[in-house]
Amino acid sequence: MNTLTPDQLTALERQSIELPSWAFGNSGTRFKVYGTPGTPRDPFEKIADAAQVHKHTALAPTVALHIPWDMSDFGDLRKHAEDHGVTLGTINSNTFQDDDYKFGALTHEDAAIRQKAIDHHFECIDVMDATGSRDLKIWLAEGSNYPGQADMRGRQDRLNDSLQKIYARLGDDQRMVLEYKFFEPSFYHTDVPDWGTSYAQVASLGDKALVCLDTGHHAPGTNIEFIVMQLLRLGKLGSFDFNSRFYADDDLIVGAADPFQLFRILFEVIRGDGLNNPDVTFMLDQCHNVEDKIPGQIRSVLNVQEMTARALLVDRDALAAAQRSGDVLAANAVFMDAFYTDARPALAQWRESRGLPADPMAAYAASGYQQKIAADRVGGVQAGWGA
Amino acid sequence: MNTLTPDQLTALERQSIELPSWAFGNSGTRFKVYGTPGTPRDPFEKIADAAQVHKHTALAPTVALHIPWDMSDFGDLRKHAEDHGVTLGTINSNTFQDDDYKFGALTHEDAAIRQKAIDHHFECIDVMDATGSRDLKIWLAEGSNYPGQADMRGRQDRLNDSLQKIYARLGDDQRMVLEYKFFEPSFYHTDVPDWGTSYAQVASLGDKALVCLDTGHHAPGTNIEFIVMQLLRLGKLGSFDFNSRFYADDDLIVGAADPFQLFRILFEVIRGDGLNNPDVTFMLDQCHNVEDKIPGQIRSVLNVQEMTARALLVDRDALAAAQRSGDVLAANAVFMDAFYTDARPALAQWRESRGLPADPMAAYAASGYQQKIAADRVGGVQAGWGA
Amino acid sequence: MNTLTPDQLTALERQSIELPSWAFGNSGTRFKVYGTPGTPRDPFEKIADAAQVHKHTALAPTVALHIPWDMSDFGDLRKHAEDHGVTLGTINSNTFQDDDYKFGALTHEDAAIRQKAIDHHFECIDVMDATGSRDLKIWLAEGSNYPGQADMRGRQDRLNDSLQKIYARLGDDQRMVLEYKFFEPSFYHTDVPDWGTSYAQVASLGDKALVCLDTGHHAPGTNIEFIVMQLLRLGKLGSFDFNSRFYADDDLIVGAADPFQLFRILFEVIRGDGLNNPDVTFMLDQCHNVEDKIPGQIRSVLNVQEMTARALLVDRDALAAAQRSGDVLAANAVFMDAFYTDARPALAQWRESRGLPADPMAAYAASGYQQKIAADRVGGVQAGWGA
Amino acid sequence: MNTLTPDQLTALERQSIELPSWAFGNSGTRFKVYGTPGTPRDPFEKIADAAQVHKHTALAPTVALHIPWDMSDFGDLRKHAEDHGVTLGTINSNTFQDDDYKFGALTHEDAAIRQKAIDHHFECIDVMDATGSRDLKIWLAEGSNYPGQADMRGRQDRLNDSLQKIYARLGDDQRMVLEYKFFEPSFYHTDVPDWGTSYAQVASLGDKALVCLDTGHHAPGTNIEFIVMQLLRLGKLGSFDFNSRFYADDDLIVGAADPFQLFRILFEVIRGDGLNNPDVTFMLDQCHNVEDKIPGQIRSVLNVQEMTARALLVDRDALAAAQRSGDVLAANAVFMDAFYTDARPALAQWRESRGLPADPMAAYAASGYQQKIAADRVGGVQAGWGA
């Protein structure tokens, strides 16, 4: 069992995890954002950093962009990415940093502001055309802080209307994924707070609209793997935003807070034919507030890989037999046996067989890249969540 | 503002809250169930007790039954209810107390056990035919306690299959409401844990299948009024199970834990045309573990009435104006102004004008009913959650 | 019942709620800080704004400062405050915005950084000497984001050592209050996460060290009024930071999220002789992310006053009698009767009798102050959470 | 690293986990208690079952009793235990199943009921004298369901008074451990809801009173290992009740819900010199609602052992160095490296070297014991949480 089968290794070889460009910029809390030497100053430097993750792991061939943070000449950026061995991925819109959006964007009471937000998404679709991206990701940061402040019902209707207009603009091979979030930045209501709302909205739009599940966007105690199962069953899981959390939307390294939860999620992905399924994009969405960013991303993709390997190790025939017979302890034992198994040695060996470093973290540290960017990237403004 | 308008009083006069027969039996925690003198020994005594609530409040004309707990001659029971001034309401099925259902009922791996559970629902529909009830309520208590114990995906598919069979048996004027619950009695996964799952299931069945929202069945921090709004918007809110909670499914008196939340829920009911809407049944579902049961139910319906009155007092034109202008403090003030207003004096006066006691709690206490049942109901087995 | 007694009015007249200078500056989330016209540019303007709250409510005679945000000539600032009818209150230290404190301040592994943080508190005590402030408030923002990142035990010991040094510097009439917080800005462990830790730390220091309870700093579901009761019982409740929350440390207007919880807290304050007790400071700590700041503060102090009035209305003799007799419904009814009572009309009348506006929100809006500061405060840098 | 050192094996060999006699009886939820063939009918059969766990694992040499559930001739029971290779351990009192205790026991308003509860604890101390037990464990199930129902402050004072009387009765070598619990069976307030309250209470009693930490008794998101660290630091961690949970006090198999949390807890135990420390008792407290009881207990003690082994594998020198240098990713990597390591092969080998089965679960299943008790234990009343 400790050895991964050829089929399992093939599945792992096909695994692809999209990186968020913004993970390489500075981030923090409302209290403080710490800067670090070598932080990128523009989208090109972010892409270069992201390419380091792929170089050492072969797990991260695409990079998601955030508009307007990554506005640039997308022909140049696309070529720059390809030169670095990666491609451009999902385009993320931003409707939470313009003064006009203080009380909503796609849901705003004022039709002019709604149109401005819709136009922003049209612009994002133009970017997709230029970058060759398939997916438009909408995280709806809208909501209210006080009971009575907003008409939740009217906003939901307006949201549907706005989404229909954006949906209509999508190309034949393009998709929209709608992310839900329990709370923050709004503290009373969020317009898309749960998977049910995202599902109801996208189901009304059509086949090209799907749900984006961010693993940090749920109420305490939520069984996330159940939602993964349900969305796969309903054919509406468009993408993951992986990260981890102890409390709120902490945006920690994937698997850092609860590796067993990550294992359970990946098991349901496999169970529901979501692994290496082109319809289900794996992405990271994280904030490296106190740790180094490039190795932080390497650690995240390795954690996803490790838990995917362990989830593949579940003896599904034995599991099904134990489940059928109502043998609770036997079924749990089959499941835990895989989770308890250390796949790292087998993965390290296999990595080397593919010309990759056995230990990507060590390889990156030894590469001198961090020192080089710290020395080279002097002056300019470090990238962060501002425009 | 302190005075309720004639229209508001008419809305309040039409308000109807269904009582659960089981609230009059003993209930408790896994640690202890306390009995009390006068507890009913059979469905007829439960109905008699429930009728006391209606007698003093005019708010609770119907009583929900639980099968098999309330199995009896339903012709007799129906007449008994009518003799006491109430009618029989929703029929609740039970798939959580038979040894066969230890690992599932409508979702069970074994087709024979699924059929047994389906047959139980057919029996419930037969009861509905006998009692004249419209609604079949299914609380799905099924799930698992350990990761790996159950195949969540397979269970979801089997659930849908079972529900389709039950749905097909419904009469033209009958409905099914599917209740969701975050956790308990299962502690890892629940087969219908959230409104999204209930919605996806009933949406696939047809117009006669709707969602039942129990106010105690959510993850900590969930914005319940948002779900009320959404289900009303989607045309799928079939019924409420009202109660309140500080922690889990505490099943406390309605409004006891957070009266402002109850107010917000009722405001969204009004906003979404759910008040006195025959499609949206108001029910209680509670456990009076430490307090007297009949006055506990009286307190609950009065709390619903009080918060309905306050929610009706919201100046919706002023609210809409403040919302449109983005005046957060003004909108919140309009909302809070209604919540802060004490509707009790106006309601007491109005009650008297209708020949009802100004203070139903005092009237019940003074009636001597409690002393009478304590004296009369000697011997027999007090009703509880056992068969 | 609807009328406040002379004793109750006297208690209300003595009520004093300290305002945080930083509530008048801009604040927001990690995603966006919205600015508004008229926002203060320096501590003097913050004091002027705070004085408006007191002018219209007579509830807020003192203003807390935050160091270094409010560094200035404290002789001048003190006189400026007095000229505006208020005085300077609690001094708040800041160990969360200096690059040196990325991995801790009073708990840091490096003795030099600990000393720097201790010295900052010495400086705060110097400020207290200059301002005549009694209390030094320490919110310990320290912690870690990842398991293994920090040695929690060693940090706890170092924290105690650092606090002892600061404690030793306090004057005879000065106090230290240590605030605890469940999480944020750290996402795995916080060095003072709960009241127990704060209590154990301050109990080891001496009588001049007490606990500060921020109502937004607890785990979901925590019974905060129990902690209030316990700390009063142990003689260690030094101060409150009032605000409200639905999810995390949302820092909303006091009483906005759960007015009944605020009522319960204030009832325990009264029960434990904490009302108008000079040992127990009432403070606000809030962020007005989307609402106007000055009226936001007015709303908060009015909410505290309203719920204090309602809590004073509890018939404690009747309550005690019901509690003694085990009459759950009667005890709860006595309690809820007070909460359900609208004290606003009586308070408005009483306010007018004291020469205050019946409706402070309306009076402020009519005063033209907001328009004046919006017009006058042009140029400069709006105050916020930066230095 | 994959090999446990002799020192580590010695530490593991000394590990001792006390079993709760009640885990072998039936338990369930308020909805249903499922019985299973072979369930013990009396304390003697419970002891025999518990001895099976020790026989196959050498990890569980003592069995805790619950009074009055396990009332018997304790001379006989003690000898019976010794004949089965185990000894009697902690005595657990019960103040939650007598009708008199509906509104409190040690905290009750009525001095006569308080005295009855105190007398029950005197009786438990008598049992301790007869069984040779050192520890008296008090889980305080008391509290209230509704705001206003109880005078929390008065109850806290009466609790202290009652505990002092019990404490005074303890022998020189006896101890009291006071367990805290967030909620249940009370749903508004619990008289000892958190570690701070338990600590404040026992600290006022003396050195023989300590805190009992049940891993399932915290608010959502609580960092339990922090509390372990703090109580060890304060010298007040008397015992653990191990189990696991996803939602509330689910009482699942230890480590089943979050193995990484168990690892972190055991790391802090080691860090704070709590492992194999006679002052810190390791106990289980669980409910095997749906799984077989004896193998359920075997699984639990094996999970504790596995995570203890992994926690021992943490390279503490490397960890300290990384922590000192502020290298977040390196420190986390050292920590995770141990958690990711599979200690099962090494433990299996070592078990065999001590004459124990490599796979205790398989050995128990093969032993035929379960079939034997199912066949033998016919008639009588299966033990559960009733008397």
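Should a chain be cited, it is by its letter among A, B, C and D, assigned in written order, with residues numbered from 1 in that chain.
Everything that follows uses one rule, which is that contacts are C-beta pairs under 8 Å (C-beta built on N, C-alpha and C of every residue); 3 or more make two chains touch, one makes a residue touch a chain.
Chain by chain, the UniProt names read as follows: A, B, C, D = L-rhamnose isomerase.
Treat the numbers as computed from the prediction; the structure is a model and nothing was measured.
Asks: Of the chain pairs A-D and B-D, which one is connected by the greater count of C-beta contacts?
Replies: Answer to which pair has more contacts is B-D.
Asks: Express in whole angstrom the distance between the two chain centres, defined as the mean CA positions of chain A and chain D.
Replies: 40
Asks: When the C-alpha atoms of chain B and chain D are each averaged to a single point, how far apart are the two points in Å?
Replies: Spacing between the chain centres: roughly 38 Å.
Asks: Which residues does chain D have that touch at least 2 chains other than itself?
Replies: Residues 102-103, 144-147, 149, 182-183, 188, 220-221, 223, 246-247, 253, 256, 260, 290-291, 328, 332-333 of chain D each touch two or more of the other chains.
Asks: Taking touching chains as linked, do they make an open path (line), a single closed cycle (ring), a hub with spokes (star), an all-linked set (complete), or other?
Replies: Here the contact pattern is complete, since every chain touches every other one.
Asks: Touching chain A in the complex: which residues of chain C?
Replies: Spelled out, the residues of chain C in touch with chain A are 27-34, 96-97, 99, 102-103, 141, 144-147, 149, 182-185, 187-188, 220, 245-248, 250, 252-253, 256-257, 289-291, 385.
Asks: List the residues on chain D that touch chain A in their complex, please.
Replies: These residues of chain D touch chain A: 220-221, 223, 246-247, 253, 256, 258-261, 290-292, 295-296, 299, 306, 328-329, 332-333, 339-342, 344, 361.
Asks: Please give the residue numbers of chain B that touch chain A in the complex, ascending.
Replies: These residues of chain B touch chain A: 102-103, 109, 144-153, 156-157, 182-183, 188-190, 193-197, 199-200, 218-223, 225-227, 229-230, 232-234, 260, 264, 268, 271-272, 314, 319-320, 322-324, 326, 328, 331-336.
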